[in-house]
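What follows is subunit A paired twice: with subunit B in the first complex and subunit C in the second.
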Partner chain A sequence: MSDTTLIILLSTITTGLMLGLIFSLVAVGVTIIYGSIWMPNAANGQFFLLAALFAWSTSVSWGLQPALAALLVIGSSVPLSYALEILLVRRFYDVPNRNISYFVLTLGITQILSGIFSITYGVWSDQFQLPPLVPGVTMLGPFPIANNRLAAMLIAAVLLAILFALLRFHRYGRALRAVFQNRDAAALRGVNVRGIYRMSFVLGNAVIFAGGVLFACAYSFDLTIAWTMAITAFAIMIIGGPGSVLGALVIGIVFGLTQAVASIFASPTIAAFAYLGAMLIILLFRPSGLFAR
Partner chain B sequence: MQKGYKILATGCALALALSTTALAHEPVKVGFVTELTGPWSFFGTSCIAGLKLAERHLNPAGERKIEFEVVDDQTKSDHALAAARNLDVQSKVIALSGPTSSDTALAINGYAEQNRVPFIVPVAAFPQLTKPGTHYTFRIEPDAAGWGYAIAQFVAKRKPSAKIALVYSDFALMRAIAAGLKYSAPKVGLKIEPEIVFPQGTSDATVQAAQVRAAHPDYVVVIGAGGFDNTLTNELLDIGIKPDQIIHPYGITTQVLNWGQRSVGSYYGTFFDANLDKLTAEGKQFVDQFRTQNGRPPSYIENYCYTTAYIIREAIDKNPSAADDREKFRDAISALKTKEPTSGIPIVFDKNGARKEYMYFMQIKDVQKTDYKSKQVFYIDWNPEAIPVYDLVK
Partner chain C sequence: MTGLMRRWLAHAIFALAAFATPLLLSGNRYFAFIAGITFFSVLWATGMNLLYGYTGLMPLMFGGIAGISAYVTIGLSANGWSFWLAMLVGSVAASLVGIVLGLPALRLRGFYFTLCSLVIQTVITLAFVYFVNLTNGDVGISHIPLPELPGGRQLAGTAYELVLATIAVIGVVVLTVIVESSFGRRLTAIREDDGLAETLGINVTRQKLAAFFVASLFASVGGALYAPYVGFISPRSFDVLLSLNIWVMVAFGGRGTIWGPVIGAVILAPVPFVLQDYYTIKDVVYGLLIIGVVVLLPGGIVGGVKRKGRADAPAAVAKQAAPVR
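The block that comes next holds the complex of A and B.
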């Protein structure tokens, strides 16, 4: 295999994995919240952007080390989520058909955050870039990959593995999955359903924040990224099966790889629509998603 | 009876004189519809920063005062249109100006042409704004297809028969630049290969950067939008494209600062830059004042909005009756033969309101956190119809 072919092959694989892992993180965050409290979080893209912008402020404006800034931002999602849960989210727990109420609520949050970003960050710059998490380039054979991107990819993979282990083996994870499957039965078995709701909202948002921070470490971004990510996360959740963490994880990576492969054999434009086309076809045969129980 | 007529005539004359005097003391109002919020807010607020600097010196004592009524269009065409209508009907402005986005400018352009309101576009490069038959719209920024023409001339001068890789985002502005380059390149012996278009919302270009490298181009013309512009540039550099192979059709301050030190050696096109060889004394003052106020040097966006204010001042000074009559104001702008106060570049509009076009190419020499150094390496000016811009971009 020639160097040129190898470079294109390796760039396709790394791009697919990089995008796929970020997509998975955000989709897992969205699906944890949806599976638990039936909230289709339309504001996930704005939360993702909020994390990226916070990371930019803390590392560029405050001058913090990017790794420290990343930890601070992900940590800040916890009190923010708690505050939102107390002020808004918990008021709808007993509302019938609350998913519609939540959708409208999160659309409102989206509009508010979008407006705030446009009169603050939007005025400061038209593009944002974090200092590198790890400077330099690593050679994978003939293919040079930025260490920064490699680090973001590894961290995303480790976070997803921890998350998966937490949900599968930890007591909280088992309780969460019980609530996903049947909240009344879970309550009868002594699970604190409201407590699980609260924890799910906090955990889901922390995962979305992690996705935003890692994306900002790997790529330059602007305010439009929120919409792209919101649509992609929903598409992944729907194909994977709403409430299925495994579905979000697998389909996220498949999406990333599909985009990378389609962009080289067809064009980047076709790649951008390929996954939406795939979503429609899959939904024709499996309306409840590939991994739905 | 005759005495009565005399009194009436005197009264009328007095009333006319008084109203004329009152009018002469009333400020001339210009509607400035721009993007203060929404996706284009950075450009709108940068434009206003340039305009505010001009306003400091715009109204010397004894001259008719010019006032700008600034309205936010939220980067939405329907809002821009509503604002234009309101400024026309309610505020009765003498002219409209302000947009920094081609989409909002096109919305106002339709209204201005239909309702005969002079419209001076500071920063919008879509060619159709001054399509043949345009009468009331005047565009200060050269049209985007022309930028492609300028890039072809620049590359041909540096390396005849060069091979260019063209990578761009799928936005109207970028398509127009690409159309101009694709039309002009073969005429000066350049080859374009590969050509890669990225849809809106793309965030990664590693695979395409590898494809570009595999094609072994002499130059890569990079036309990304927003944050993706910087990602694309970084990924090309990561994969081994040299900085001096990269040409950006345009570079505003935030872009150059984000491209950073690793882009030293790259080229970018511009219409005004703090590092131009020949800035006027006023241009140097403009740069210094802007830097002091905003913590960064200005780019062509701020300069064009600064210049817009001076064009309006000069048109009214040369033809005072234009201050109260839109047709006369339009004629005064159309007949204007002046220079940019900051760089001395001529401003002359053709019959469609397009300006005689020009472009500088700069090479980045050093980039710091809030400032950069670049060197002017090429200058070109041309007639707007040197290429069939209105056929290339519909």
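The block that comes next holds the complex of A and C.
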């Protein structure tokens, strides 16, 4: 194998993994929220972008350390989630068919945030870039990779592992899965259903924010990623199975690799067509997804 | 006779207002244009009401169907077809596409159908951008010629708005006739419980697809007339925001009532023009409106008024044979 093909191969794999891990993170956040409170968070893309832009503001305009900025941004999602929960989300906990109300509600939030972004962060084609988290370059054989991206990948992988363990083994995770399966039975067994709802909303949004921050650390971005991310996260959630964290993980990585391959051999539009097509097929023929529990 | 008159009184008033508005505003092209856009909104909101209000499906690909019709109509008339023939072919073709796009509704309900329709809308928008040689891509098509009238004159100005008013009035009348027919009652039965409707001997598949055909016809007639009226279309003219805006009109006015969506359209369609000087906050205003409708007005204006009236006069409720949701 010549050096050029090896470089192309390695760059495709690293890009694919990087994107895949971020897709997985966001999709896990979306699927936790949908699985528990039945809220299809269409605003996930805008939250993702909000985190990325906020990280840019804090690190570039205010001059904070990127690592510190990242923590600050992820932390800021908590009060935001609480405020949204109290103002809007809480009202629908007992409404039948609330998923469609939530869907429309979050589409409204999407509109508001995208309006605010286009006023404040201005022109659509502007590229935002953060200072690197870790400087320097590592050589993978002949292929150079920025330490910055490696760090972002590592953090994403660790976060996913922690989330997975939390949901599988911790008391909170068990309670969450109990509420997923049967809300009334969980309540009878002494689970505080509303508390679990609030927790999952906060946790899910924090995970989406983490995805946005890591993406901002690894890549330059513009305001159009919000919509792309929203559609991608939904596609991953539907294909993996709504509420399935494992599904979100696996399908997220698959999507990342697909995207990386497609952007070499075809155009990103083709990749988007492929996602949407896959999502339609799953919706029509296996609405519970590939990893249904 | 009086019963007949009372039944159509509201329609007569609406028709009168619709025809008078362009004539009264004919001195000011800007206001007349706003009236024209409002007529499109009335037509589209009425069409979506058939699906969202009476069949219980929320289709977010509504704008895409209007777009397909607009692009087909323009494409055909650019190839030398008469606009009216092109519009006929474009509308029917887009409505047939609408039936195909409605097929998921046979398997999916509620949120899953809406999500599916959002995916379809996104695919349509991407396709408009992607097939550059048919649609001119993101640049869009400008300088769309006005429709020719028999006799060589062009349909323009107040005459165009009168045509739009006619279409809007026809749309509302058609919806009323459908709702009061047995077809409309079958759709309402499907909205309430399609399993039950099936056991009552209603062919749910056929009724749903028929509803999609009729609603798409509303969308596509509007789309075909929209293109030459505004003179410019691009993929963004028919993206998910159009579908959402029409949805807001229906939900804000009151879905499942004849006049709710009309009122919603008349109130909301001029909003972007009123906010023109503050166009940057337009998205924010629309977003707040969507949230406000979902949280505060789940039945819309008309639904809210009806509910209030019922609470005030319970005796009147007993007399009213209107279906309660």
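Here, the second predicted complex is superposed on the first by the 270 of 293 C-alpha atoms of A that agree within 3 Å, B and C clash if a C-alpha of one lies under 4 Å from a C-alpha of the other, contacts with A are read in each partner's own complex, and residues count from 1 in each chain.
Here, a residue touches a chain if its C-beta (ideal position, glycine included) is under 8 Å from a C-beta of that chain, and two chains touch if they have at least 3 such contacts.
Please read these numbers as outputs of a predicted model, since none were measured by experiment.
In the superposition on chain A, A:128 makes contact with subunit B only, not with subunit C.
Contact with subunit C, but none with subunit B, is seen for A:108 once the two complexes are overlaid on the shared chain. Residue contacts after overlaying the shared chain place A:119 against subunit B and subunit C alike.
When the shared chain is aligned, no partner comes close enough to touch A:25: not subunit B, not subunit C.
Judged by the touch definition given at the top, the superposed model places A:84 against neither subunit B nor subunit C. By the document's definition of touching, of the two partners only subunit B reaches A:268; subunit C does not.
Of the two partner chains placed by the overlay, only subunit B lies in contact with A:228; subunit C stays clear of it. When the two complexes are superposed on chain A, the residues of subunit A that touch both subunit B and subunit C are 115, 118-119, 269, 272-273. Every residue of subunit A that touches subunit B in the complex is listed here, in rising order: 4, 7-8, 11-12, 14-15, 18-19, 115, 118-119, 122-129, 137, 143-146, 215, 219-225, 227-228, 260, 263-264, 267-269, 272-273. Per the touch definition, subunit C reaches subunit A in the complex via residues 58, 104, 107-108, 110-112, 114-116, 119-120, 122-123, 126, 129-130, 241, 244, 247, 251, 280-284, 286-291, 294-295, 298. Across the complex, subunit A is touched by residues 36-39, 41-43, 45, 170, 196-211, 213-214, 226-231, 234, 238-240, 252, 254-255, 258, 260 of subunit B. Taken together, the subunit A residues at the contact with subunit C in this complex read 40, 88, 91, 97, 99-101, 103-105, 107-116, 118-119, 231, 234-235, 238, 269, 272-273, 276-277, 279-280, 283-284, 287.
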